[in-house]
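Chain nomenclature is as follows: A, B, C and D, assigned in order of appearance, with residue numbering initiated at 1 for each chain independently.
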C-alpha cells in the first residue's frame, strides 16, 4: 500500500471542487464578490495542491510550462486586444458600449467586462503558477541542524 | 423573534472570537512546531465558522463565499507546511516520497564527502 | 455597522491583529512567522468582511492565506531558518524613525473622516457617482466589478501588466524548471541550491569540474575573487 | 408561526451545542499537556462543532442559495478538517514526536510489584 493514501484520495476529490469554485468566482463575479484576479489565484491554488500532493513534475505534465508562457502573455493581449477592438469599432480605448451600441441593458459593457476579466484570469493564473514552479523546482541543500 | 436570532448569532460570533483568541494563545506559546501548525489549522476552522455566523449578523450572505474559500486555502496551507517540514522540498511527489527522500539524503551525503 | 455589539467583534478582531503583528515582529523562527502571516491574513480578511469590503476580503483570503504561505515557504527554503539577532545600537535609528512617523500619524488622525462617514471624500464625490451610474449604465449588481473592469479599466490593464511583469521577472531570474542560472551563491559557505530531481544527476556531473576550478581560483587570489564573481554573475 | 418558533428553537439548540463543542475544543487545545492530546481535542470537537453550527445556520437560512453555500462549507470542513488532523498526526509521529505518557503508561513488571506493596 502506498503511503499518504488518505491525502491522495482527498486531494483528488478536492482539486476539481477548487477549480469549479474558481470558475464560479470568475463567472459569478458580476453578481457576487470576486472577479478575474481572485479566480486566477484560486485556479492556481488547485494546481498547487496537485503539485504538493503528486509532485511538481506531475503538475508540469498536467499544466506544462509552455502553457504558462503562452497564457501569461495571452491574458495581457486579450485585455489590450479588447481595447484595440473598441478602437476599430469606433469608440475610445476600452469603451465597451461599442460592442452593442443600441442595447438598452448595456450588453456591450457585459461583453467587454467578460473579455477583460478572462484576460485577467489567464495572466494571474499563469503568473502565480510561474512563481510557484520557479520556487518549487529548487531543492535546497540544507544540513539537518538548520531545521 | 428576529431580535432573538440576532442575539443568538452575535453570541455565537463572540464565542468564536474567544475560541480564536485561545487558539492564538496556543499558536504563540506552542512548544513544538506541530503545536503551531495544529493551532493555525484550528484557527482557520474557527475563522470559517466566524465568517459564516458573522455574515448572518450583518445580513450579507457574501461572507459565506469567503468561508468556502478559507476552508480550501486553510487545507492547502496546512498540507504545504507539513510537507515542507517533513520533506524539506516542494517538488517531491508524495507517491514516491520514500524513494525521493532516500535519493536526496544520499545526494547530500555525497556532497558532504566531496567537501 | 457601527452599533455597539458589532463594535465589540471589530475591536476583538483588531486586538488580535495587533497581537499577531507584534508576534511576527518579535519571533525569530521563520517557519512560525510564515504561519503567523497566514493567521494575520485570515484575521484581516474577517475584518474586511465586517467593513463590508467583501471583494478585498476575497482577495486577501485567496492570496494571503493560501498562495502566499506556499510561496513564502518556497522562498524560505532558499534562506536560513532563523533570523540573526540585531544589536540595540543598530535598532536605535529605525526606532527613532518609527517613533517620529508614528507621532505624525497620530497627529494626522484628527483630519481623518469618522468611521463609516457617508460624507467622507472617499464616499462623496466620484465614488457616489460610480455607485449611482452603475445601475443605469452597466446593470451590474456588483459595483466593484463595474468600477474595476469598466470605469477604471485602464488602471486594471496596468495592474494586469504589473502581474505579467512579476511573472516574467521570476521566469527570467529563476526559470520555470529550476535550471536557469545554477546558483553559485554560497551563504554560510554552503551551496543552497541545486536543480530538480531529473536534472540533479546532470547538475552533479556538471558541478565537479566547476568546483575544482573555483578552489584553484580561491587559493590564488582571495579578496578580488568575490568582486569578479559578482560582476560575472 | 409555531413552525417558525420551532425552527428558531432548533437553530438555537444546534448553534449553542456547536459553540459549546468548539469552545471545549479550544480550551482543550490550550490546556492539555502534550501535542497528541491537544490534537485529539482540536480535531474531533472542531469537526463536530463546526457541523452543528453550520447546521443551525442552515435552519435559519431555510431553503435558499445561502443554505446551499453553507452546505458546501460544511462538506468541505467535514473532509478537510479530519484529513489535516490525520496528516498532522502522521507527520508528527513520523518525525519521532513521542506522546507524553506520564504516570498512565503501562508499568513494567518490577514497578508493578513495587507499587502493589506500597499500596498495601
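Observations, loosely collected:
Here, contacts are C-beta pairs under 8 Å (C-beta built on N, C-alpha and C of every residue); 3 or more make two chains touch, one makes a residue touch a chain.
Predicted, not measured: the structure shown is a model, and the values here were computed from it.
Measuring from the average of all protein CA coordinates, the nearest chain centre is that of B. Subunit A and subunit B have Cα centroids separated by 23 Å.
Centroids built from CA atoms put subunit D at 35 Å from subunit A. Averaging Cα coordinates per chain places subunit C and subunit D 34 Å apart.
With each centre defined as the average position of its C-alpha atoms, the distance from subunit A to subunit C rounds to 19 Å.
Multi-chain contact residues, meaning those touching two or more other chains, occur in subunit D at positions 76, 80, 83, 87. Residue positions 4, 7, 14, 17, 25, 32-34, 42, 45, 48, 52, 56-57, 135-143, 147 of subunit A each touch two or more of the other chains. Touching two or more other chains at once are residues 54, 57-58, 62, 66, 70, 74, 77, 178, 191, 194, 196-197, 200 of subunit C.
Contact between chains, using the touch rule, shows up for A-B, A-C, A-D, B-C, B-D. Residues 76, 79-80, 83, 86-87, 90 of subunit D are the ones touching subunit A in the complex. Residues 4-5, 8, 11-12, 15-16, 18-19, 22-23, 25-27, 29-30, 35, 38-39, 42, 46, 49-50, 53-54, 57, 60-61, 65-66, 69-70, 72-73, 76-77, 80-81, 83-85, 87-88, 91-92, 94-95, 97 of subunit D touch subunit B in their complex.
Across the interface of their complex, subunit D is touched by residues 1, 4-5, 8-9, 11-12, 15-16, 18-19, 22-23, 25-26, 32, 34-35, 37-39, 41-42, 45-46, 48-49, 52-53, 56, 61, 64-65, 67-68, 71-72, 74-75, 78-79, 82, 85-86 of subunit B. Interface residues of subunit C, counted against subunit B in their complex, comprise 1, 5-6, 8-9, 12-13, 16, 19-20, 23, 29, 31-32, 34-36, 38-39, 42-43, 45-46, 49-50, 52, 54, 57-58, 61-62, 65-66, 69-70, 73-74, 76-77, 178, 191, 194, 196-197, 200, 204, 208, 211. Of all residues in subunit C, those touching subunit A in their complex are 54-55, 57-59, 62-63, 66-67, 70-71, 74-75, 77-78, 80-81, 137-142, 144-146, 148-150, 153-154, 156-157, 160-161, 163-164, 166-168, 170-171, 173-179, 190-198, 200.
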